[in-house]
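Below is one structure, written out as structure tokens; the observations come after it.
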Amino acid sequence: MFFASDNGGPVPQAVLDTLAEANQGHTFSYGADPMMDEVRQRIRDLFEAPDAAVYLVATGTSANALALATLVDPFDTVFCAPVAHIEEDECNAPEFFTGGAKLTLVPGSDRMTPEALTKSIESQGNRGVHGPQRGAVSITQVTEMGNVYTLAELKALCDVAKSYDLPVHLDGARFANAAVALGCTPAEMSWKLGVDVVVFGGTKNGLMGAEAVVFFDPAKAWEFELRRKRAGHLFSKHRYLSAQMAAYLRDDLWISLAKSANAKAARLCDGITRRGDVQILNDVTANMIFFTAPRALHQILQAAGAKYGIMGGPLGEGPSNALLRGRLVCDWSLPDAEIDRFVSLVIDA
Amino acid sequence: MFFASDNGGPVPQAVLDTLAEANQGHTFSYGADPMMDEVRQRIRDLFEAPDAAVYLVATGTSANALALATLVDPFDTVFCAPVAHIEEDECNAPEFFTGGAKLTLVPGSDRMTPEALTKSIESQGNRGVHGPQRGAVSITQVTEMGNVYTLAELKALCDVAKSYDLPVHLDGARFANAAVALGCTPAEMSWKLGVDVVVFGGTKNGLMGAEAVVFFDPAKAWEFELRRKRAGHLFSKHRYLSAQMAAYLRDDLWISLAKSANAKAARLCDGITRRGDVQILNDVTANMIFFTAPRALHQILQAAGAKYGIMGGPLGEGPSNALLRGRLVCDWSLPDAEIDRFVSLVIDA
Amino acid sequence: MFFASDNGGPVPQAVLDTLAEANQGHTFSYGADPMMDEVRQRIRDLFEAPDAAVYLVATGTSANALALATLVDPFDTVFCAPVAHIEEDECNAPEFFTGGAKLTLVPGSDRMTPEALTKSIESQGNRGVHGPQRGAVSITQVTEMGNVYTLAELKALCDVAKSYDLPVHLDGARFANAAVALGCTPAEMSWKLGVDVVVFGGTKNGLMGAEAVVFFDPAKAWEFELRRKRAGHLFSKHRYLSAQMAAYLRDDLWISLAKSANAKAARLCDGITRRGDVQILNDVTANMIFFTAPRALHQILQAAGAKYGIMGGPLGEGPSNALLRGRLVCDWSLPDAEIDRFVSLVIDA
Amino acid sequence: MFFASDNGGPVPQAVLDTLAEANQGHTFSYGADPMMDEVRQRIRDLFEAPDAAVYLVATGTSANALALATLVDPFDTVFCAPVAHIEEDECNAPEFFTGGAKLTLVPGSDRMTPEALTKSIESQGNRGVHGPQRGAVSITQVTEMGNVYTLAELKALCDVAKSYDLPVHLDGARFANAAVALGCTPAEMSWKLGVDVVVFGGTKNGLMGAEAVVFFDPAKAWEFELRRKRAGHLFSKHRYLSAQMAAYLRDDLWISLAKSANAKAARLCDGITRRGDVQILNDVTANMIFFTAPRALHQILQAAGAKYGIMGGPLGEGPSNALLRGRLVCDWSLPDAEIDRFVSLVIDA
């Protein structure tokens, strides 16, 4: 019953197989391996973007921070949600990689609104040389609270950015889960809306550690390459990144994995909401569930070995009927039996 | 006939097998996987350093740059050889990770001498607040020119560093090749000499991408962890780094691989030196050969498909008897048949 | 009628005289001038801090950013008010000087409350290596909105910081105006409350460009000196900074200047509030006035040549009775006649 | 007898007078003062560069580092002499301001040769993404060893830079001394040769602390302004920088001061070389003298109160006839009587 994160599960056999396939003889390093040619072409096809510059790195933090550093100057600010991964979970990586740019937190929750974004941008461009300059807009899809922006919502945010000539970065650590939830194509969820750079995440969706950074305008491709190398994120034995991503793209594996993860979250959500005092806090269309439940229920679940995050108070102390928040994340590999066991615990408690 | 680098070959089956072994069920992320516990213990045992702080990253550049950033302040300078990887091949990563520290190049060749190191250190500490402060000494073993410092030579450099209270960083991208060449233990080639932080490289010696950074004094361990995360080098699915390093350490695989690579270089060296106009430029005890040969010979070799670096002039133009330098690097997996084919080409040309 | 800033007026004759006094013969540079000895001693006496490390720089931005960079690590965050100068008016200088630390904005207005500060600190320390670490608390006195924290309010904030072992930085660009407003000593408004580093500003209070950075614990003094030099803020002809600050400290000039500036603000405030539709937005005890007035009044004032900032809408367009905010800042040198002329315009409009 | 530096003397009365002139009434801050308009126009006229972007900062280190940061990217390297101020005397300021760019030291002495510069540039551009990229060439005139490049020598260096499309930065901390020594115009010693950015120094030539940074192509002007602000080098009460520079430019004061300083060095040089065992090490056409003399002579001079730098060994210990190097720097204000007294001491010893 591991719902702590979608980075806790194994990778599918196809990934291991493709690693073994890549592991033949000698090849050139640093991205000049033939499997990277395949990956580049597949991603360009997938995104309907024949000129896109495509790069692989091994972590989401580096993918985001390198992309942002390529988009903005050190005297700029990046507009994002207050709960964005780049703000809360990257230990100042964006500030580091950009050479000291700032993040401006758009007031509200995980889903930025065009109005709030506009107001934030307006708040930053009116001090001349004194304040930070407007640099870029960063959107996370699926959001950190498990919600999926609609295409119209994304478009509205991109439109705001474009009206200020700001580039848009899409943190797509869970890109696949969102695309599957929306039933849209990668192009429809990126450049067709105005996204300039997308992080097409693989790690949370079944890879060992591989994220594609896709620049739809290749003008800054060389700068990205230099920044990637300078940050120690250019792999010498690059073929093992390529192989992961190749496996991901072949036979639409990325879609199958995301569908599986989303379906498991739906099954879990359906199950636990049968209990009245469990309240779901997000729109569960992707693979994350945020919910409230009485402390006593959390205690039972955790005691039974369920792994997931609890927020809003200590598990051990306090009134047993006090509501604490929980965060359940499903990866593609979760056995249905474990989901059902968790649900049974909830219902029977 | 791939001698371009030791990052061009495949990984041994044991690595794939251990990845598969690690790929079971759910586990905690970010280094809390059980296989990392195994790795930590094995490295502490291997280095006879029960308190050492042990971390894994995926690239040599990040290992070096993070280690240096943990040792020095932004207003410091790091003393190293002019051909050090941190100077020539990391696109300013040390400057980036340290927040702007400088490298001071110790005059001479790839092997620093205690005299030259002393002189360099002396040249930097005499300007008070105006010049950079003395920060650390960085030594590369095996050197970039394929030479192996003796333990006495390393000790002498460490002694110089210690006499100025400077910490010592050992870039051990080819640590295994050196240890095997010297027939010494890891402890003998590191903290027993005065090394404070060692990069125990795995990538060039048969792993996909895994380097251990070992701090013999754990006082700065937490700072390293924060810097690693901030740089995007903390892997969420850390078990796949652990698995590589576990495979490397089990059954002394790291030694077998290095012995194989070194033996192949010896075989290659023995072969090509049977020809009189091939001159070897380094002490070939590890896995690299630097040599000079007439342009005509290089042309024949390259035309036959041999992959290796050529320096000192263009391959295509110029007198056919002009001497150009070549760089041959052997990895563990090179088929002897290809070595012999290369040698035959040299001898028969 | 120049109320745009307290950096718009001239310096008192005493400053010019002391510059001339310092301008005799040759002296050592970079802070080794005898007048710096005088300044150091005077500041130590003034702050009742015989061990304090005292440094001069020429701008408030550098004073703040260097002080913070000395206090925090690049993976830390600094807690401050959303309108703090370090957030809004330094073009990312804190992020630059700290090597990429973050600012966490404590929700609320210009005066942080202990409750809000506590909540902000709590929100940042619970993600282990993933989030920024708690670095320091930065307090601005006088605030950017012209308010003066009471000593009790400052103490409460310092107590919160201390309860988390966080150092406290006091941005005292208008330190003198606040001390005069509160009728307290420098020591009472700094280390006696728990402040670790204070920027004792001179520029806004009558100097050409000189700020003292005072570390009550000299442990980090040398690091500050190196950071100051590295940032180009160590003056070779340092005596001209010393002279400014010496003039400021002799005969309590700093107090006289602040008293004058505060008195002028009081006179101005008294005058304009005689008109009913002028609303004062801050506690005018120092030298700044924030107010609302109808657009028509602002138009008259500006047309008459008054210089001050207007916020909340365009001056030229919109209903004449719409309320726009204005910001009036008084420096020591403002002629009373101009204040009275401004008041007359307000009253007679 | 103060020959320790040209930053040890007073400023001419004209500077104080112009400060007093600027010290009238209220004016706008941050460079919007009318005297800056005068300065901008005068510098454009002086350099025959009507479109030049002109900025003032207070220190040479900030002028150089900001200029370089505007020219190069963090993954670049700057080519300079091994004794360049930016390498030896700025405590890593260039690395800091550029976000981690590197300096590549062109082998040789203080005067780079076109051949050595070419070789250095060639050594850096051949590693693709792995090595630093070629960023800019930085030339110091007068050099740190007191030599003055001829215009032809400068041109040859600029030509090399241009052949690689590299911008040229001229560190002109002693620009005036060089121009006077060469008898050329500012334009002839800058953009007419290919210099892109010049630091037109005032501090070492009689100002309190003011350097003009002149971009002949204004394309990067706005970036410079942002970097200046972000580094805390934009003065609020900018008029006091403007006033210094205005005084410097009016009535060719900068020329008079440089002529005076150079003449004093010539007088000093003529005097001391009358003694046979004093050996001059540089071409004394500007205001610096490097020489060797027996330890005994240095001891007598220092005992008599002469202030100047001694290099090559301790003053107090060692053979009295051992030759130690000395560095004498003359500023405009040195009394001839003190020069003559020094000379007498040398001759009579």
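Order as written gives the chain letters A, B, C and D; numbering starts at 1 within each chain.
One rule holds in what follows: contacts are C-beta pairs under 8 Å (C-beta built on N, C-alpha and C of every residue); 3 or more make two chains touch, one makes a residue touch a chain.
Keep in mind that what you see is a predicted model, and the values were worked out from it rather than measured.
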Target chain C, source chain A, minimum contact steps: 1
Remotest chain, chain B as reference, centres from CA atoms: C
Pair of chains joined by more contacts [C-beta pairs], A-D or C-D: C-D
Chain A and chain D: spacing of chain centres that average the CA atoms, whole Å: 51
Chain centre separation (chain C, chain D; CA means) in Å: 34
Residues of chain C engaged with two or more neighbouring chains: 74-75, 90-92, 96, 99-100, 129-130, 133, 226, 229-230, 234
Partner chain D, residues of chain A touching it in the complex: 30, 73-75, 99-100, 129-130, 133, 223, 225-230, 234
Interfacial residue positions of chain B with respect to chain D in the complex: 74-77, 88-92, 95-96, 98-103, 105, 127, 129-133
Touch list for chain A against partner chain B, complex: 2, 4-5, 7-11, 16, 19-20, 23-29, 57-63, 65-66, 90-93, 96-97, 203-204, 208-209, 226, 229-237, 240, 307, 331, 333
